[in-house]
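Once you scroll down, you'll see the structures, which are given as structure tokens.
There are two complexes below, and they share chain A, which is joined by chain B in the first and by chain C in the second.
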Partner chain A sequence: MSATDTPASPPAPAAPDTASRSPWGEVLHSLLRSGTFLTGLFILLFWVVCALFGQYFVPYDPLASDIINALTPPAADHWFGTDQLGRDVFSRVIVGSRDILTVAPLATILATIAGTALGLLIGYFRGIVDDIVSRVLEAFMAIPVVIIALLAIVALGTSKITVIVVIGLSFAPIIARTVRSAVLAERELDYVAAAKLRHEGALHTMFVEILPNVIPPILVETTVRLGYAIFAVATLSFMGFGIQPPSPDWGLSISSNYGMIGGGFWWTVLFDALAIASLVIGVNLVADGVHGAFND
Partner chain B sequence: MTEPSHAANALELKDLSVAYRVGRRNRAVLRNVNLTIKAGEAYGLVGESGCGKSTVALSVVRYLPRNGSITGGSIALDGQDVMKLDSEALRRARADSVSMVYQDPGKALNPSLRIGRQLTEIFELAGITGQAATDKATAMLNRVRISDPVSVMQRYPHQLSGGMQQRVAIAMALANDPSMLILDEPTTGLDATVEAEVLDLIGQLRCELSASILFISHNLAVVSNMCDRVGVLYAGMLVEEGSTKDVFNDPRHPYTVALLRCLPRGGQRKDQGRLDTIPGFLPGIGATIVGCAFADRCALATERCRTEPPPLYELGDGRLSRCHYHDNAQSLPRATPADVPAVAPKHAPPVLQVEGLNKTYGSHGHPLRAVKDVSVSLRPGETLGLVGESGSGKTTFARLLLGLVAPDDGGSIELEGKKLAPRLASRSEDQVKAVQIVFQNPDSALNRSHSIRHILSRALKRLGGLSGKTLDTRLEELVRSVRLTDRHLAVKPRQLSGGLKQRVAIARAFAGDPRIVVCDEPTSALDVSVQAAILNLLADLQSRQDVSYIFISHDLGVVRYLSDKIAVLYLGRIMEFGPSEAVFSGPHHPYTEALLSAVPKLDRTESSRIRLDGEIPSAANPPTGCVFHTRCPRKIGAICETQEPQLTEAQPGHTIRCHIPYAELAKLQRPRAVEPA
Partner chain C sequence: MVFLGGQVLPGNVGRAILGPFADQRAVDALNHSLGVDRPLLVQYGSWIWNFLHGDMGTSYVFRAPVAPFVVDALGNSMKLALVAFVLVVPIGILGGVIAALNFNRPLDRIISLGGLSVTVLPEFVTGIILILIFGVWLRWLPIAAAWPKGAGFFTQLYYLILPSLPLFLVLFGYIARMARSGMIEALDSDYTRTAVLKGLPWRTVIWRHVLRNALLPTITVIATQTGYLIGGLVVIETLFRYQGIGSLIFTAARGKDFPMLEAGILTIGIVYAVATLVADFLYSVLNPRIRLGAEQ
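Here is the complex of A and B:
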């Protein structure tokens, strides 16, 4: 190239009026200014800290029974009272987040991975594959999670792994549907045509070209699903599946104590129930915040 | 045009300053704008995007976005200070005396209400109800030359074409008989033929109405046809003002001079010289401007320009220029030398030979012939320009070539003598890299998650078959060939301006040394100065690499600049095909004639114009005989309705699909002497 046809001054590195922040920086920035997100995050982190370090600061061993002091109401030495075996309810509630905070997130991650892959596949190829898979997914989504879980657990035997797999797979279709609709919009953009014009393979186009651009809806859906997963795990352990005694798990505790509410021993159930509620609310607040940050 | 009859000014902006709050700082968007529009006057506001044109319009009705505020000055509408109105008075002023028409009529109309409902609503606000309101609405639609208002009233906005929607939007704007009509890029999204209709309408309405007009457009030619006076806005400052004729024929500010030079004019072609460009960038909003805002991009700038802000010099006859050296403005040296490397005429065998190409889509059981029996050929280093209204099959044809869409059986596409498979997947690697595309919208064409380095490296790897060190060397060359620098490689597309993004897209298309590059409206989203730079780049790349272009554009001036051959498409059929000069200079097909006549021209040589009635018919149900007969101003009789004319050779290499013999066309069109774009 001759020197003469160069513009008189080299182009500036960027248009001067574009913001200096990257899109992800912008999302982070708006997350940190969102009261909803920060409240949710605070609640969530509280339970994560309890799960990780609760055992070191709780006043009693959550598993140690003390039959003499069974079913004492909340008082100074047992803030939340004791259960029928004399175990300290406060200590059990604090440590009780451990199992649910392992099982629910793992189930959600499994759902996200499976759902994203499936959604990319049917969204990208469309056609007959999409028609068939979508109908199957819809049928699958019509069955309540608990029923699927019960059937699976009866067939496979109860264990945390079973619960993770069952909840993961039953949430995957919902995530797949979200990803699919995002991919449908994305595949019409010209950069996908440009990839075809380079003879890129379908896998490259789906995972390298399209996937990074559909991360926002996936993140939002994942946080929403986490809330539901927590609820589902608690329900299953309440029904006696998945998490097994002597874990101080909330759902499990409620299940073994709720028969006694009639006798006036409310404290054996209330605090576990509140704990589940607060965790679900916390996660939902985070989900709301994430949704807001990506959509304003 | 009518002279203002009474003294009161319709709009008076005094020292108007507006700022947008971005990142906790007030950034100036308008800087002390003084502007007066007399009653009955049409005032044009021009400038590149980001100069503050739309902000002026929004300020007039105090309709700025939430982060915008008027930081100084005053706005008077009909002598009434807009700044002092309380919310009720402001509402009434907006309802009674000002109306706005926006760029995109599809968004300005409520999609879920029938046209009739939306129109009568305006009269109901004024207290007219029932049948009286309906009658008024019908009258309004009549006024904007809608032939069957009753049926249009029953329709929803999406059932109307873009041109009809804009007419309805104008009807709504005129319903309250405003004293001030603000038109913000009213024809920008429309086809040239539709644009011409809408502009004609506005012109006719001007004669009937008393309204003053503020006409905002980036299209200098449109403004020159519509307005009495024109103001040029740069970085939120009025840099030049005067009567339209004076400003465009005798500009006195280097920015105006440079803007006018960016346009391909008077049938300029790529082998006659490069277009001029404006170096550098517009100052960002809120930038601190010490001297003249244009000094950084102005080759005439002296030390004085950089330190002393020029006042608006009065040049007499109502002319103003914000330049210390307004007398010399026209001696602005070119930013880009005009000289072009001489290209020897070629007689190489065609690189592309298309024979009898068809594409039929199924649409609700009816066949929709998007492309019908298209045959073209193209030599290496030549450009084939595709022109026609939207819906004429230009883009479908391009997609057939690329293999993104498979054609019907029967036709053939040959690349350098070898048949191209209809589907991309069955083409060889060499064939794939030989035919590439530059898309219209770089935001869609470049993956927003990838860095420029990733985008170009991947193209070099896949199309160029390169890797490692050779890839890096070639990447550097490629980046330099489209005049980007290494600094641009690390960033994501969103950090680049529109012009730079389009350079990246061009670089990607050239990564595998293509034989043919399809350019699908590559400059339609860009400002004129950027457009000129991109067109120059395309012309340079072509002369260096002997690549052929298929160039699609609705801007005939641009097509003419770059094209060696032109194919005029209508409803998927080629109506005329031939060397660019022959097609443009005529005699041409009546459709081509109408297209050329629709283009607004800077030099107001208003010859009698040809207007096409109605819209392009549906391709699912094309007219019998000659598909153009329903709109043809030169229809000769029943033969046009019953028999489809053949493409017949008018001159060697120049074919026309018309029943009127060539000699007859020549006779019909000679007295008119349609000025080319």
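Here is the complex of A and C:
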């Protein structure tokens, strides 16, 4: 799932001809020299490892409550203290990366697939299709994601699938817009005219001829969207519309513990907040690096 | 559209009010008295008609007209948004201008990277961290935005500082970035070079030539951020238990109080439209090209 976050490596073997290998190699090269990208990648990989293997090395079961030791401050046996049910905060923070790192990438992939298909379609056909679809997309983008998500989730009920679909579909218009403008530039080029002269179908021209040439902007937009998806998933969980208990998810933990913040139980929320912050910043550093590598 | 959103939410209204154990006949009777068993188009027509006459419907939950709730909440939200805007617009622009004047020097790096980092963080995360720092550890500011009844202007302001800070942080990054790139572009332009070569003092060049052109795109960004701001308000008002339009929508969505939800969202839509209009107007006032074009 999260292996898709290393953007430059998968397309490289898919382009065996020498003419297109060198640009990808160059991108990879500049990525590996970019401090921003590597720092972000390091943070991201740290949380991916926690999500995949965290449950095997955390000191306590993140769901096991121990009421007698509830709300103990950080100490040697509980590094980050315990929450109101006596659950070990350190273990919960480590394992808490799992749900958000499943939901956010899946939502991003859905947004990318839907957005790319839509963008190719309206960019290629232009005309009345473009006019109508673009207006509808603009209307959608004017509504804040939180509001769309709130309405949709009240309508459809709360589940991980709903969250994925809602975030995926509300990000799709943004990706569609990016793809559309890239396609508009591509469709005037000679290779598209050549494909038309060969009587290739519209679908073939779009997906076989144009798509490989608009991959760079799609990759950049996808990494940027992943950052926003994490933002949105965390926010929805915090609002109670996302990931549900008893998951040790960060946003959810904050929402169930911040009511006691006035009592001075800072450790029940601080580490979750810092975890979200580090993940979001990590992904954005990666996105920044990818953007830089493609636009040099 | 808002109305449809509210209606598509499946969830039997009568059932939602009376609870899962109520008699089916009672549910039907209540549905009838609320008018929700009429055809959709009829409901829509009467809803629009009434809204235009200032009657926003009756809350299912409070059994009272919606309008006073919405008006109060909107007023509260505007106070909060105003505090955030008054703080962020000058400081954000100043930050961007300083960054641009120190292009690629350490100060620019600090402002740009810092702005980017705080912009990408979810509001509830920065909110929690700020609450911990200023509310719990330093005890400088109150952690809930609920001032005593009849509090004066300054007391209210005092309670609003902490909730407005997360909004400030998110907006600061956007505004500073736009101001910075606008400034850099303007500094690089021919008219700036001409002004410098004419021998005008540097201060005059910046004030009369650079700033005017640099700030145009920034104003547009500020207006488009109203949409974001509304999404942010939902989260912030929940976190700080503030009775604004965001928490009104949130509560209404949870309680399936559709008249309240629809009125809240439509109000937001109107606010958004007005903000966009004001931005267009400001833009044309500040940009002589558009102003002259319109007069001709």
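Things to note:
Following the convention adopted for this analysis, the second predicted complex is superposed on the first by the 275 of 296 C-alpha atoms of A that agree within 3 Å, B and C clash if a C-alpha of one lies under 4 Å from a C-alpha of the other, contacts with A are read in each partner's own complex, and residues count from 1 in each chain.
Keep this in mind: a contact is a pair of C-beta atoms (placed from the backbone, for glycine too) under 8 Å apart; a residue touches a chain by one contact, two chains touch by 3 or more.
None of the values given here were measured: they were computed from a predicted structure.
Looking at the shared chain after the overlay, A:N213 reaches chain B, while chain C stays out of its contact range.
Within the superposed three-chain model, A:S22 lies in touch with chain B and out of touch with chain C [touch as defined at top].
By the touch criterion stated above, A:A193 is placed in contact with chain B alone, chain C being left untouched.
Of the two partner chains, chain C is the only one touched by A:G264; chain B is not. Of the two partner chains placed by the overlay, only chain C lies in contact with A:N284; chain B stays clear of it.
In the superposition on chain A, the residues of chain A contacted by chain B and by chain C do not overlap at all. Within the complex formed with chain C, the residues of chain A that make contact are 139, 142-147, 150-151, 154-155, 227, 231, 234-235, 238-240, 251, 254, 258, 261-262, 264, 266, 269-270, 273-274, 276-277, 280-281, 284, 288. Touching chain A in their complex are the following residues of chain B: 22-23, 50, 274, 277, 279-285, 287, 299, 335-337, 339, 402, 404, 424-425, 429, 432-433, 435-437, 439, 441, 444-450, 458-459, 462-463, 480-481, 483-485, 487-488, 491-492, 494-497, 499-500, 508, 533, 536, 540, 544.
Interface residues of chain C, counted against chain A in their complex, comprise 1, 5-6, 8-11, 116-117, 120-125, 128-129, 131-132, 135-137, 143-144, 227-228, 230-232, 234-235, 238-239, 249-250, 253-254, 256, 261, 265, 268, 272. The residues of chain A lying in touch with chain B in their complex are 1, 4-19, 22-23, 189-191, 193-194, 196-200, 209, 212-213.
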